[in-house]
Amino acid sequence: MWSTVFPYLLSGISVGGQYALIAIGYTMVYGILRLINFAHGDVFMVSGIIMVYLCASGIPLYICIPLVLVLTAFIGFLIERAAYKPLRSAPRMSVMISAIGVSYTLQNLVLYITGGLNQIYPTIPWISNSVTILGATTKMVTVITPFLTIFLVFVLVFLINRTKIGMAMRAVSKDFETSQLMGIKINSVISITFVIGSFLAGVGSILYFTNYTTVIQTSGAMPGLKAFVAAVFGGIGSIPGAVVGAFIIGIMENIIKGLDVILFKAGLIAKPLGLATFSDAFTFALLIIILIVKPTGLFGEKTTDKV
Amino acid sequence: MENNILRIEHLTMQFGGVVAVNDLSMEINRGEIVALIGPNGAGKTTAFNCVTGVYEPTNGQILFCGRQIARSSPTGKMRKMYAGNDASAFVGDSVRLSPDHVTKLGIARTFQNIRLFSGMTVFDNVLTAKHLRRKSNFLVSTLHLNYAEEKRMREETWELLKAVHLLDVADEMATSLPYGKQRLLEIARALATKPTLLLLDEPAAGMNPQETEELSAFIRQIKDEFQLSIFIIEHHMNLVMDISDRIYVIDFGRLIASGVPAEIQNNPAVIEAYLGGEDQ
Amino acid sequence: MKQFVSDRKSRTPAILSFAVIALFYVLVFIAEQHLPSTSMLFTVLKKGATYALVAVSMNLLNGFTGIFSLGQAGFMLIGAYTYAIFTIPLDQRAAVYQYFQGGAVQFSVPVPVALIFAGLAAAFFAFLIGLPVLRLKSDYLAIATLGFAEIIRAIFQWNQLGPITNGSNMLRMFPNFNDFNIRNDAGEVTVYLSTTIPFVISGVCIALIVLLIHSGYGRAFKAIRDDEIAAEAMGINLAHHKQLAFSISSFFAGVGGAMLAMYQTTVQAKSFTSAMTYEILLIVVIGGVGSVTGSVFSSFLFVACSEWWLRFLDEKQMIGTFEVPLLRNGFRLVVFSVIIMIVVLFFRRGIMGTKELPDLFRRKTKEGIK
């Protein structure tokens, strides 16, 4: 039984970590701007595409990797400046529509550049190697991801709680206007938020695409959506919440993919029920349940409106 | 006909650790204009919000024409945190009516920070408030088969706008009006719901002395014309002393004085609380 | 004495608007009889009419009631499937449902009935979904509806429901727009109606929505959009009215989905993605949130650009022996996306803002009187 379940558990933890790195970007941006950055998943995808093209142009891998991370962070910064900053005083729906527009644009841009053909992600030595853990064979990246994710989260939490810029970020997410009045440079805080979020998405893309080696313009849609659900589930605005949510979603998603096999091997069903179709739907069901039961998420806080 | 229109009994409203209204009891009788005054932040609008169903009181009960429209006692976490008086008096079935239900029963209100429907004209703002008294169902209304009812609603809206002298701007967007006229529009809109009791939350805010005088006369006029009882929160003391039959004074959520205007003007506790000079 | 407000304003703009619309319908009919039916014009008109209905239904919800919902594709899906399931001719069912022994539904209904079923099915699910979802704040409502749309899509692809939905296989062979053409005994078309009828269906539905917007309930919806708290204080029950707006909007999204099925001649759950909802949303924004006319104009514009006018951007263009750079497959969508971003950033009110067709005639009339 364990040998049936464990591989799914392992992939679950791995993809959960990758979702976590994306989810952090969503939760930080929402915490500060109350904006659902629909384009974030596509930034993740673009990061993968950039890696493909940089490596294909002959640049050695040890330069490609940091370059991709820098470029991804820069793209995140650029998007905020071009598409969100001009609408900061506009009603919230306008900014959300702008985010949707950016998402649409990024996907079409990549579709145009790649011609719609699947791009194969370059193989990064060592993390692509096969490794056997507790009877399950998988790539090294699957093992590394959770540790790397947790490490980066610790660094980020340290940054937020112990540095001045982190304090500024916390202040802005609590009260936007008052922070401005207190002299905090809002534009810098917002830019840094986007830079950090995109940087982490870039790391996530390296890990993710080393595992699922195909990159196409729609590759960011599902992971993005799921990471967002993770952020909401954990409590939008809470980084630990987003991480916990992401791991839960990653694990459950993979268990459901394997549910037919698991139940069959356990003798509980006679033939496959096609439950894998619901692996994605599970994430959304989770979203709806949490929104109804506790909309502020696992670690979220309640706010009251003044009449 | 019920003579007691509104009775508030031991109303306490606590938000977390802050007791906004503390054991407030008061009543309004038919045809009276009753004012609730007090320094800023004393809890006046909170009391309004409890009456209209926006907030559920922490403790106490509110009766409108003898009927319970709110009744509550501290529950859950609040039982430990409760800092008001006498938490046991209202244990039992709690009652909470939604704001639209309260309005349908006959209580209408205006808002301290004007809340007009910004995407609509002056005329439509008032016309929309006629919707709650509709007799036709959804299908009839959508297919515009309710010609007679729609005509009646529009005529009544016309009359109301005439009463507040806003007919000439009926087709302007509501938010393009000057501040004073927006307040009048809010009153007209509230009147459109055919209330028995009208709650006015600082109707004279932002008005100059002349406008305030006109408002004074206007309030008396609509009281007679529409047979209303009026509950008013106000800082303009001239207006308050001029039109009120009785006044309740609260400070830090507690009732510190009540009586007719003459009594209140000479009450030392009130003077100490804030009546040192007149607020303009 | 007292008259309706509309009496106090000149009736001319409304009459002119009706005239223009009627003229347009006549033109469409005439064009259909004389131009080759394969012309791009008709593709644009048919798809445009379909998208116009869905866009207006979305505008009713988002623009007039202020409920930011991203679930349109899910309701279109329900409508499309309901329509198809109930209209596949009996003798074709075995072929269509080939993996499911001819399928569970063994009867079919006339097209108009099926269209109404499509709307009702979508409205029913909207009602159920609305119960928990409509209490949420705007951002959360957006993602919850998005989530529901994805769940619906997964359910319709589930093979266990195959006897009804055909699982992950296409539904086909149901009546489509071309079946509206009147044929003689030899099978040749005598009267072309394949574009006119969709226009009529779409037009009737949009007319109903316009009637709703101008009724007491429409004013209640706008009140909820402008200020929920004030609306409630004026006696408007929020839950009841939001449910109504949500269900009605979804009804028409369902009918729109059925029309899409007829346009595409096949239906497959996996094409009803959130990308489809985003397209509709962009159409609504470009046309002007809160303008029915804007949504209609914008739908036709959008479809014309994406299917027809900007097509040239996708082909290699040569000037002499010089190949113009950038122009190849997919460039059209890139240009399109950039245009959309420009509208979203700089022309937030869209083409029409909140104006409607009669407003376009209003200025001229005033000048005429003077």
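By written order: A, B and C. Residues from 1 in each chain.
Methods note: a residue touches a chain if its C-beta (ideal position, glycine included) is under 8 Å from a C-beta of that chain, and two chains touch if they have at least 3 such contacts.
Predicted model, so just to flag it, every value in this text is computed and none were measured.
Among the chains in view, C has its Cα centre nearest the centre of the complete protein Cα set. The chain with its C-alpha centre at the largest distance from the centre of subunit A is B.
Work out the mean CA point of subunit B and of subunit C, and you get 43 Å between them. The geometric centre of subunit A is 49 Å away from that of subunit B, both derived from CA atoms.
If you average the Cα atoms of subunit A and of subunit C, the two centres end up 32 Å apart. Residues of subunit C in contact with at least two other chains: 229.
Residue positions 54 of subunit B are each in touch with at least two other chains.
The set of subunit A residues that touch two or more partner chains comprises 307.
Per the touch definition, subunit B reaches subunit C in the complex via residues 52, 54, 98-101, 103-104, 108-109, 111, 115-120, 123-124, 127-134, 138, 141-144, 146, 150-151, 153-155, 158-159, 170-171, 189-190, 192-193. Subunit C makes touch with subunit A in their complex at residues 62, 68, 132-133, 136-140, 142-144, 146-148, 150-151, 154-155, 157-160, 229, 274-275, 278, 281-282, 285, 289, 328-331, 333-334, 336-338, 340-341, 344-345, 348.
Of all residues in subunit C, those touching subunit B in their complex are 2, 4-5, 8-9, 208, 211-212, 214-217, 219-220, 222-223, 225-227, 229-238, 244, 290, 354.
Those residues of subunit A whose C-beta lies close enough to touch subunit C in the complex are 30, 34, 36, 83, 86-87, 90, 92-94, 96-98, 100-105, 108-109, 111-112, 115-116, 221, 225, 228-229, 232, 273-274, 277-278, 280-281, 283-285, 287-288, 291-292, 295, 307.
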